[in-house]
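In the two complexes that follow, subunit A is the common piece, with subunit B as its partner first and subunit C second.
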Partner chain A sequence: MIRIKKENISGFIEGLMSDYVLFAPVKDGETVSFRKIESADSIAEDYMNTDKSPKDIFFPPAEVLFSFDSGEITKNECSEKPFAVWGLRGCDVKSLTLLNMVFGTARQNPEDEMFQDPYWKEKYDNALIIQTACNDPRSTCFCNWFGGSPHDGEKADILVIYIGDAYLLDPKSDKGRKYLETVKNTEPAAKKDIKEAERLRAEADSSLSAVFELDGIVGRMSGLFNSGVWEEIGAKCVNCGACAFICPTCHCFDVQDEGKGKKGKRIRIWDTCMFPVFTAEASGHNPRELSKDRLRQRFMHKYSYFMENYGEHLCTGCGRCVVVCPVNLDIREVAKKVMSYQS
Partner chain B sequence: MVNELREAAGKLLDDGKVDLVIGWAKGSLPLASTPVFISSSDEADQLVFDSTCGNNLTVYFTKDNKKISRDRKKVGIFVKGCDSRSLVLNITEKQLKREDVTIIGVPCSGVIDTRKVRRKAEGREVLEYSQDGDTVTIKGKEFELSVPLEELLSNACLSCLRKDAEEYDLFIGEPRKFSGESDPYSDIEEYENLSADERWERMNEEYSKCIRCYACRNVCPSCYCNVCFVDQNDPQWIGKTPEITDTMIFHIIRNLHIAGRCVECGACERACPMDIRLLYLNRKVAKEVRERFGSDTGTDLDQKPAMADFREDENQDFIMG
Partner chain C sequence: MSNSYIPVPMKVKRIVIEDPEKALRTYDLIFQNEEDRKNFKYMPGQFCEWSLLGLGESPFGIASSPTEKDFLRFTVNRTGSVTNEIHYLREGDMVGLRGPLGNWYPVEKFKGGNVVIIGGGFAFTTLRSLIVYLLEHREDYKDITVIYGARNPDLFIYRDEISEWEKRDDIDVQLTIDNPVEGWTGRTGFVPTVTKEIGPDPDNTWVVVCGPPIMIKFTLPVLVDLKFPDERVYTSLERRMKCGIGKCGRCNIGSKYICVDGPVFSLAELKEIPESV
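Let's turn to the complex of A and B:
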């Protein structure tokens, strides 16, 4: 573990910018989101969790897959430099590993490239993932429901812990270790720094609310598929896509061609099961006709289907949807309601 | 007031006057209330009303959500001034019948915009919110602030002159009468005084933040087309990406579709997760309609919305040049 004095951190960030295309949390009005940055001082400081999630970086809201011109196809090329991301939270890093299960590792057949998404892989596989430990989790954070904790950096390349007068940088992967070896102006972390980091970790851990056990939720949800619970939960839902679009793990998309004549481009665009048109069929029939049918899909994908398919819940407990939902439909309460519902 | 409101709802249910009451309950976050549907008097103690009750509940009479109210014959609904105007508009547009709804007015002193609260708290998380008259107290881990409610109010409420319902069956407390003065539109004055180019730039700045989640459209009781033009795909009218050209078309067309139908409740702006100032355009269009056609949206059950009406004596400059 190395230590960088607070005043030298911008030097470290500038170094990152010369080796990588760097993304970091940037403030825009009252919202904070990850953006490509050109200078170290544009990084937002007083944020707890970005409003938009980091999935935008690796899985952009609208990504041109290729362009075409009279039968000639040109693939959209990725940037020359690899990406690095600064300021990710533990839940954010976790979400990327979940998305990687879908787009990157081809669970069906790991060797077969056909099941791997090249657009995701070229960005994610070479990326340097730098996580900031959360010293001050929000009341809406519930990463501990999913085995996470505010200082857990095991899935990142580098874990950064801010200890007041300095940053401690802890390499968590070979990639992270190699990069840190190239960084100048550092000193090894002293014993007292490590002690302070441990104190902060314990303090952050204890500030989270108690874990709500989700054991058995997969079976319960399937059992309740046709029950009235969805109508009860969903009565107030207005079926917008705010929750899905700010969620770091929701990843459904639509593919559209935009163009004129023989020239145009094929674009992958975020979509969500909350929108009626998502399942509208050409005949006019919609198998998820009502708001409750669509909302059931979202919650079951989170806490049932993904677990069945990949052995993890498709939720990291970041709490973003809890904050933005315009009718305060709180996913933590949904889980609790499903677990206690008597049909 | 909360007790009166609960009693009123309970009584309506017990007397069989309604079989469902739509109101607000305390939410899971300090700054949030949440819509609630009460069907028996013993659930009525969930009901609350304060400045966190920003949702315009009329939305549950239209769109997909209308299933909730349509399944019941007689519905009671709590309304602020602006919400009642939405109801009136929806009634004039034949989305529901006046006799099928029991309107319960609540005295409104404006609702908060959580972003303004966040700004006051300077990024620190607000863990407690309480209100005493016109003063709001917000508390977090290591801070406590007292702020005049006015500074936290939603932009829509700043210039709202009809805070209490005028169309109602029951009112909790004494409704204040509308004084008849005209809205100064001071909140958009700065925007209006910009040159056309600057306004265009401002719109670009605002709408480039849009993620096309449609929370604004979906919380709006005036936006209730069975299939919104942005969702039509045969033919597809506009691109689906959050690129500024597509986004701008969405917003401009939505604005034109609600011209003369927007009650300026600000629910859209409060719902937006990206903190976009939607009211610049909404209020500007509303102002134009008001000045040109002299209509006050949602204040008269016998009056058609401005764009659905034609009178020979109305201003026709825009046609004749």
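Let's turn to the complex of A and C:
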């Protein structure tokens, strides 16, 4: 573990900027979101979770798959420099690993390149993931439901712990270790620094609400597939899709062509199973006609289907959907209701 | 690295209009690059995404059999924007193609057994692929029975070829139309009823059912009554699709993605998937 004095951290950031295309949380009026940054002092300091999730760094809301001109197809080239992200929270780092399970390969055919998403891989595979430990989790945070904790950086390349007068940088992967070896103006973390980090960790851990046990939720959800629970949960949902767009793990997309005549682009655009047109067919038939059908799909994908396929829940407890939902539909309450529902 | 979102160029070699309303057209496509042709290895039951640059994509089952080396065949029903545009194509025009996608009918498992193929309407496409494949490997299979229904005699697709099959003695073809019409010598009645009448023997027999959802819905119970085990009844599911490679989430039902885990599923598998039938 190394230590960088608070006043020297911009030097570290500038170093990152010369080696990488760097993304970091930036304040934009009232909101904070990840942006490509050009100078160290544009980085937001006081923030917990960014308002928007960082998924758009690797999976942009609208991404050109290729352009075409009179039948000639050209794929857009990715930037030559690899990406680095500074200031990710643990839940967001985990969400990227979950997205990588989908885009990086296919569980059905792990070796087959055909199922690897080149647009995701060219950005994510070489990225340097730098996580900031959470000293002050929000009331909507529930990463502990999914085995996470505010200072757990095991899935990142480097974990950064802010201890007031300095930053402690803890390499978590070979990539992170190699990078930190190249950094100048550092000193080894002192014993008292490590003690302080431990204190902050314990304090953050204890500020989270108790874990709600999700064991058995896969079976419960399947058993309740045709029950009235979804209608009860979904009665107030207005199918706006805000939860899905803000979610760091939701990843459904639409593909659309843009352009006139023979010249144009094929683009993928974020989409969500919360919208009726998502499944509407040419014949007029819609297999997920009702709002409750769509809501069930979203929650079951998160807590049942993904678990069946990958052994993880497709939710990291970031709490963004809890904050953003216009009708206060709280995903934690959904899980609790499903677990206790008597049909 | 390879990029499954980018279509390969294909030329429309031949177009056949299948019905009097001209809503169904069959297209034979040929590869423009030898490399693409070599890489394209498929089995009956798989599908492709047709790509019309500027308009979008649509998935279609492959109607040709891998034993037919020179072309890929598709039959397209005109229903919306992409399929409309496809119907404007002429011989010699170019289209993009992605595939082959999805899984296939388990012809390896069928070896040494009887095969009953039940189809309805224009969803006969991948069934043609299967039949041509089985006939090409005839010695590997025992009895082959085809039950094919359409609303009226004009709505059977691949009529010339079916007539050829009817002349053979190594395949039993049973055609049925919904209501009797003059001059029709085949059966009349809906596919589920006719299947019951014919009553195929479930012993060492595999079934493939493909057709409109309503036909599948009523045929499956008939097969259950005839004592076909769920593991030996197969069907192909259709849902909206985009990527075709398990990423975009569009075709997800239960823990399955129809574009990768399917479109072919056994009845035993379907029973485990909510929302499937």
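Operating definition for what follows: the second predicted complex is superposed on the first by the 342 of 343 C-alpha atoms of A that agree within 3 Å, B and C clash if a C-alpha of one lies under 4 Å from a C-alpha of the other, contacts with A are read in each partner's own complex, and residues count from 1 in each chain.
Heads up, the rule we're going with is that a residue touches a chain if its C-beta (ideal position, glycine included) is under 8 Å from a C-beta of that chain, and two chains touch if they have at least 3 such contacts.
Predicted model only: the values in this text are computed from it and were never measured.
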Clash or fit (per the criteria above) of subunit B with subunit C on subunit A: fit
Touching partner for A:Ile267 - first (subunit B), second (subunit C), both, neither: first
Partner chain(s) touched by A:Val323 [first = subunit B, second = subunit C, both, neither]: first
Partner chain in contact with A:Lys94 - subunit B first, subunit C second, else both or neither: neither
Partner chain(s) touched by A:Val255 [first = subunit B, second = subunit C, both, neither]: second
Which of subunit B and subunit C A:Asn239 touches, first, second, both or neither: first
Touching partner for A:Ser139 - first (subunit B), second (subunit C), both, neither: first
Partner chain in contact with A:Tyr305 - subunit B first, subunit C second, else both or neither: second
Cα-centre angle that subunit B and subunit C span when viewed from subunit A, reported as a multiple of 10 degrees: 90
Contacts of A:Lys123 with subunit B and subunit C, given as first, second, both or neither: neither
Subunit C versus subunit B - closest C-alpha approach in the superposed model, Å: 7
On subunit A, positions contacted by subunit B and by subunit C: 254, 256, 280
Residue ranges of subunit B touching subunit A (in the complex, touch as defined): 27-29, 32-37, 55, 59-60, 63-65, 67-68, 115, 118-119, 122-125, 127, 141, 209, 211-215, 217-219, 227, 231, 233, 239-243, 267, 270-271, 273-275
Residue ranges of subunit C in contact with subunit A within the complex: 1-7, 9, 53-57, 79-80, 83, 94, 96, 213, 239-240, 242-243, 245-250, 252-255, 260-261, 274-275
Residue numbers on subunit A that touch subunit C, as the complex places them: 65-66, 68, 71, 73, 75, 102-103, 106, 108-109, 113-119, 121, 222, 225, 251-257, 259-262, 264, 266, 268, 271, 273, 278-283, 285, 287-288, 297, 301, 304-306, 308-309
Residues of subunit A defined as touching subunit B within the complex: 28-31, 46-48, 51-52, 61-62, 136, 138-140, 235-236, 238-242, 244-246, 254, 256, 258, 267, 269-270, 275-277, 280, 290-291, 322-324, 326-330, 332-333
